[in-house]
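Naming follows writing order (A, B, C and D), and every chain is counted from residue 1.
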Amino acid sequence: MPVHDGDEYCAFRRDLHRHPEPAWCEFYTTSRIVSALRERDLTELHVGPDALATGDRMNVPADDELAEWEARARDAGADPAVLDRMTGGHTGCVAVAERGDGPVVGLRVDIDALPVTESDEQFHLPAREGFRSETEGYMHACGHDAHATIGLATLDAVLDSAFSGTLKVFFQPGEEQVAGGRPMAESGHLDDVDYLYAVHVGLDHPSGEIVCGIDGFLAVRHFRADFTGESAHAGARPEAGRNAVQAMAAAIQNLYGIPRHADGPTRVNAGLVGGGTATNVIPAESYIEGEVRGATTELAEYASEHADRILTSAAAMHDCDVEIATKGEAPSAKSDDALADVIGAVAAGVEGVTSVRDRGDLGGSEDATYMMQRVQDRGGLACYVGVGTDHPSGHHTSEFDVVEADIEIGVDVLAGAIRRVGDGIGGAS
Amino acid sequence: MPVHDGDEYCAFRRDLHRHPEPAWCEFYTTSRIVSALRERDLTELHVGPDALATGDRMNVPADDELAEWEARARDAGADPAVLDRMTGGHTGCVAVAERGDGPVVGLRVDIDALPVTESDEQFHLPAREGFRSETEGYMHACGHDAHATIGLATLDAVLDSAFSGTLKVFFQPGEEQVAGGRPMAESGHLDDVDYLYAVHVGLDHPSGEIVCGIDGFLAVRHFRADFTGESAHAGARPEAGRNAVQAMAAAIQNLYGIPRHADGPTRVNAGLVGGGTATNVIPAESYIEGEVRGATTELAEYASEHADRILTSAAAMHDCDVEIATKGEAPSAKSDDALADVIGAVAAGVEGVTSVRDRGDLGGSEDATYMMQRVQDRGGLACYVGVGTDHPSGHHTSEFDVVEADIEIGVDVLAGAIRRVGDGIGGAS
Amino acid sequence: MPVHDGDEYCAFRRDLHRHPEPAWCEFYTTSRIVSALRERDLTELHVGPDALATGDRMNVPADDELAEWEARARDAGADPAVLDRMTGGHTGCVAVAERGDGPVVGLRVDIDALPVTESDEQFHLPAREGFRSETEGYMHACGHDAHATIGLATLDAVLDSAFSGTLKVFFQPGEEQVAGGRPMAESGHLDDVDYLYAVHVGLDHPSGEIVCGIDGFLAVRHFRADFTGESAHAGARPEAGRNAVQAMAAAIQNLYGIPRHADGPTRVNAGLVGGGTATNVIPAESYIEGEVRGATTELAEYASEHADRILTSAAAMHDCDVEIATKGEAPSAKSDDALADVIGAVAAGVEGVTSVRDRGDLGGSEDATYMMQRVQDRGGLACYVGVGTDHPSGHHTSEFDVVEADIEIGVDVLAGAIRRVGDGIGGAS
Amino acid sequence: MPVHDGDEYCAFRRDLHRHPEPAWCEFYTTSRIVSALRERDLTELHVGPDALATGDRMNVPADDELAEWEARARDAGADPAVLDRMTGGHTGCVAVAERGDGPVVGLRVDIDALPVTESDEQFHLPAREGFRSETEGYMHACGHDAHATIGLATLDAVLDSAFSGTLKVFFQPGEEQVAGGRPMAESGHLDDVDYLYAVHVGLDHPSGEIVCGIDGFLAVRHFRADFTGESAHAGARPEAGRNAVQAMAAAIQNLYGIPRHADGPTRVNAGLVGGGTATNVIPAESYIEGEVRGATTELAEYASEHADRILTSAAAMHDCDVEIATKGEAPSAKSDDALADVIGAVAAGVEGVTSVRDRGDLGGSEDATYMMQRVQDRGGLACYVGVGTDHPSGHHTSEFDVVEADIEIGVDVLAGAIRRVGDGIGGAS
């Protein structure tokens, strides 16, 4: 068994950083992770279709787009045998290491990137040190390259310890589109997990700060509504059209008017819309890509039902058809105190940790919640941990970056906590 | 048989003017007309239910409102026996006089008034000469008192001539709400009519001008949409409401957006709207009283179908119910050249006529069109005649009035034309 | 000095109940309160204009409506001299009783009624026992008759005790329209108050329950927007109109779309709207009576600014004018712990109290907040107290009623607390 | 001077057909026309900037797009010297031939193509015979290749006749975007024109039919509105956004509600719209490309003023900015009887003409109207002539084509008419 050290992890992270891939296109990323895992002493390694309930995948790109990303991964040196396993957009993997009696502990990390163009300024470290994105227009602008690295290094650290039990590391695809959490949650691999940790770097917390348990996930649904009417010459035969842009506009106006709910915050947004072809043609097609959110899963469902009714009625109002598709979805969730307490106890003793916060609010959405809920629904415990890092600019921006030394802090905290829960904690299965 | 003269007609017109009554409430008016007709030598006289297809009546007021108007008529001296015939809002009548062989000629006049408060200024002749409306808030502001008088006097003039054939005079209720034309058209009394004239005074034509054939009727539908949702406290439980005002607003916004039609003008208006009860209550009820029109019956139907779909979808959009009722309706129509030519030929020789125009455009709506269409559909001819009068202010205003001498011009023209068509005209049945 | 007992208070409350009066029309109510207060040993009694910053009154009815209510009060036996003080809608009063050294303690009660028709069913106690509303269409449906009685009886109880300090009782008009709080807060009479209690019965708390400190007031603004355009014949000249109903509908659609705010709940409602005159007339006038709310004063202002901009722009969009008036307003507020603690301590010992809750949420709006804020801004403390009562149906409904015995509980708790704070509490003035 | 024959014109037309170019990019087309004209005996030849009031050009593409089309023309063999004259999108030309005394007669033809992909089916003659568009995605789908050919051949025919006077042929760019008529009308070259003909093939008229004078041009304005707000995270900070998509939707809803006008047809369309970037971002940008039309220039201006006000107010309503640009524009126009009569008289004697219609309605828009109006405003006469052709599918579709023999008919009719008006006609200068 080889010895793994910080240099290896740094190289690993930078390699992933150079090859950012969006949801269901993490071909190079998964291949690279799988290659690394194969060097470890695992009991099982589930790749692609074996790691997912593939029918639950949402928002999978068209075949030609998938093929393009797969070809790019192949060109970049991805293992062809692993690529073959992933054809059709079955990315991600689950590593299982059994180490004697004890609870089954899970660690979930996400691996996908964003459609953001990375900065090429010299003050941006990846640019300066030569590991800037090699796929123009895409970037690891949310730190998932660090997450994947934490997943690998935490596995090593746990295996290298006296941990007794089973460790499962979930390398989840498609988080940015809240599209990958459900298929991995439904894969069956979570069903025997007693304790699940998920982790995120940054989130406006500085280097040295650990947030033991994060809550405040807004449940969310991303949808796309495609309106179809009939075109006509706008001057000569306006009455012959069925105007998909009028339908779209009526829908937008009323979507934002979904009644507020006394039980808690809701959100609605028509974030990307369009329609029509030319000034002098009654538009036959239009679309809305939007989202609804709620402080609880019920609130998001409340808003979602209203949205569906409004979209359907707006289409009917202008004699158009509409197809509404869910493009991504995630419930709300809560971090369990017992697991958060373990993080707190461990973090206090980790070198480099200068601040331990009990609780934090995400204030956004995340589909780790599907996996947390799956575990909690079956009697287990789950906890979402924040690992601070001084990121020079906000998440999802061109100049986002993580301090590589903070990756090690995250590994120390998580590996310490996993070892400790391996010894059992009160109240759980 | 008594001799009828101008003084009698003047008194008759002023009596009607003092007792203006809206649609289906023309109790005094009909009673007064029936009393006068009974003094004539008629073959048949059909009153109330006998003059109407009563099931086709639209927009009949509630029972208590009908009862109030009936009581007012009774107090004003209406014949109780005639009132009894009209219970429940069956107003109007049809007079039939057979005078030997020859065609059946019809004359249609309307008899209802408007919810307008009559001027009490001294420059307003009815005020100055003491025959101003005795029912505050209602007024003969469109000259239907003159129309009824023309109907009676034309009957007298025709009967006093060598006319051979059958004359039917239709005293139609409910024109202002386009609510009375259809039930009278469907009564059966028009089914043997070969030639039908309808008449209107004024219409911005000066005293002495005759318009032989008027076209340009906009087909129209008046509707009322009642939205029903559910109320809720706007502060404490906004999500518990189903907001009928949001539904109404969505409907209004989209009604005005019904696509224009290349085949001709259409119109739409949400003329009277309302909803809700208090600032802090999510509104459970709202309504729109509106109309659609078209240059042809088909165009009005086109707009009407769009309106229904918009109203229904707007309700569905906000989880409300909606009931849509037609409150009045009239098709488009065209005046037949052959009848208009007769008017032109006769008018040229009538004393007081200083201008004869072949054609005119109404530019509004009228439910005489139902009766014209009925006759034309069965192979007869129909024509809508304009009799100019210097009205001091516009139709439907507080100071509208007609020059009484112009009534006689109208009678001379119409009686002359009816006599002439009694001799037969080319092209008709 | 007369002895006051339960029978007197019961008669007093029932007298007020029989004479419900809306905002700025509390002529009989104020007169009756003033008459009772004159029998007490007061230092000062400020009536009408002396009790209010009259320029801050909002939503004052038109003169003829005020005159009608004043005449009705006169007929019911109100003291003419007191009525004269209140001409023009200057209702309400402030009673001041100085009792030696000590803090100035205030008690605020509201006195107005609602436009609700009272039940005449026998199961409704006021109907059964003969003190149902004598003004059809108005009703004390929120218990302000009980509040005024609590104000009077608490004054008696305090004066009858060893209380040292000054007691001021504020009988505030116009709470239901959040229209009376500000002018009384700005009157100057609050400026030396160290501790202020306000009280409300019911609020879904059962008989025997005391809520020591109520928070969760939504700051609110009631507005009325009047749109003015230009009418035109909808068939003949649609382009000549400037459509106030289109403006109104555009405003409604967009008011509900005011963006949600991450800092806390907001509310918006177009609760009472209308426009137009007839189906065939382009509407020249329309209006929206609506409200915005927020969990904090800042959030309500945020929504209010958006509402103003939307109303103004919707008018401009359709070439209409709009006048926007504030009809009522209230900030948010918080009850101070120190005063709530006193209520808790006292309530535990009051006969009939079976449950003491520390805190409660109003979830609605109240203009007592103006008065609380005034006191707090000047360094004093304020607290809004709930006195439970088994009300047979919800506030603002036809069958609302209060258990009269609970009035006594409220008096015991408040008088006890006032006596106790007279002795001084930590941390205040 | 060479002899020109049908084969040459056929080759010319097919060459243009193979090189379709959109507005202001007609580099190859203009170059090819100029080369042909230089072989003729002209008095003047104005190219590019000399043929246009270049500041009046509307909707000129960006520099890089112009450069791309210019390079393509160069590659296809366009004369480099002519291309240099047109740099920056100054396309089109005016040919002048003075032939002794007599009136100045103009002929206007348009030369641009459309963004339509041409059919490659064998039943489509250009595909079968090898002159299908060589620029994928663009096509002469409205017959302007035939128009340019008619312009050239008519010039030849007139010069080859006894015509006395001056002939000017205007090869106008940018008609499809109603962007080129105004700059050519304002160039000065029309200012001495006494009689102007414009011509269009097809328009649903069959081969052999001539329409002497076409009216029914809808005045039109194409506009683009760009809304700018501010983006924000839709979940975390919805209130921080200024939502450009809400502004756009409010504008669309109300644009379609511009009141109909009693004076004649109007049109409105939001034909191409879009906004936003992602589901979870409050949209900061959006746009509407739309148009308004009217049966008269006044009606189009009426609608245009409403549109501007609605766009501006919708932006203000959501605290956004908006920039509104006119992208194309054309007035209405009428064909003069005197010129149409000449066409009728000539056409009756032209071989192949089987039907002569006095008048026709375009029912759409055209910017020849700018040029017609310019001539008429200065006392001249203008007439828009239709030359029928059996086009296999509608204008602007992939399978549109013209029967080449009909080009000759058009030339015979126009050349005949130009010769005849050279002899002078009654009523004109």
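We take it that a residue touches a chain if its C-beta (ideal position, glycine included) is under 8 Å from a C-beta of that chain, and two chains touch if they have at least 3 such contacts.
Owing to the predicted nature of the structure, the values given are computational and were not obtained by experimental measurement.
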Touching both chain C and chain D: give me those chains, sorted by label.
A, B
Measuring centre to centre, with centres taken as mean CA positions, what chain is farthest from chain C?
D
Tell me which of B-C and B-D has more C-beta pairs in contact.
B-C
How many angstrom lie between the centres of chain B and chain D, each centre taken as the mean Cα position?
50
Where chain B touches two or more other chains simultaneously, the residues are 236, 238, 243, 246, 250, 253-254, 256-257, 259-260, 262, 267, 282, 363
Chain B-facing residues of chain D, complex
253-254, 256-257, 259-260, 262, 265-268, 363
Enumerate the contact residues on chain A facing chain B in the complex.
236-239, 241, 243, 246, 250, 253-254, 257, 259-263, 282, 302, 309-310, 312-314, 316-319
Which of the residues in chain A end up touching chain D in this complex?
218, 220, 222, 233-236, 238, 243, 245-246, 248-250, 252-253, 256, 267, 269-283, 286, 289-291, 293, 327, 363-365
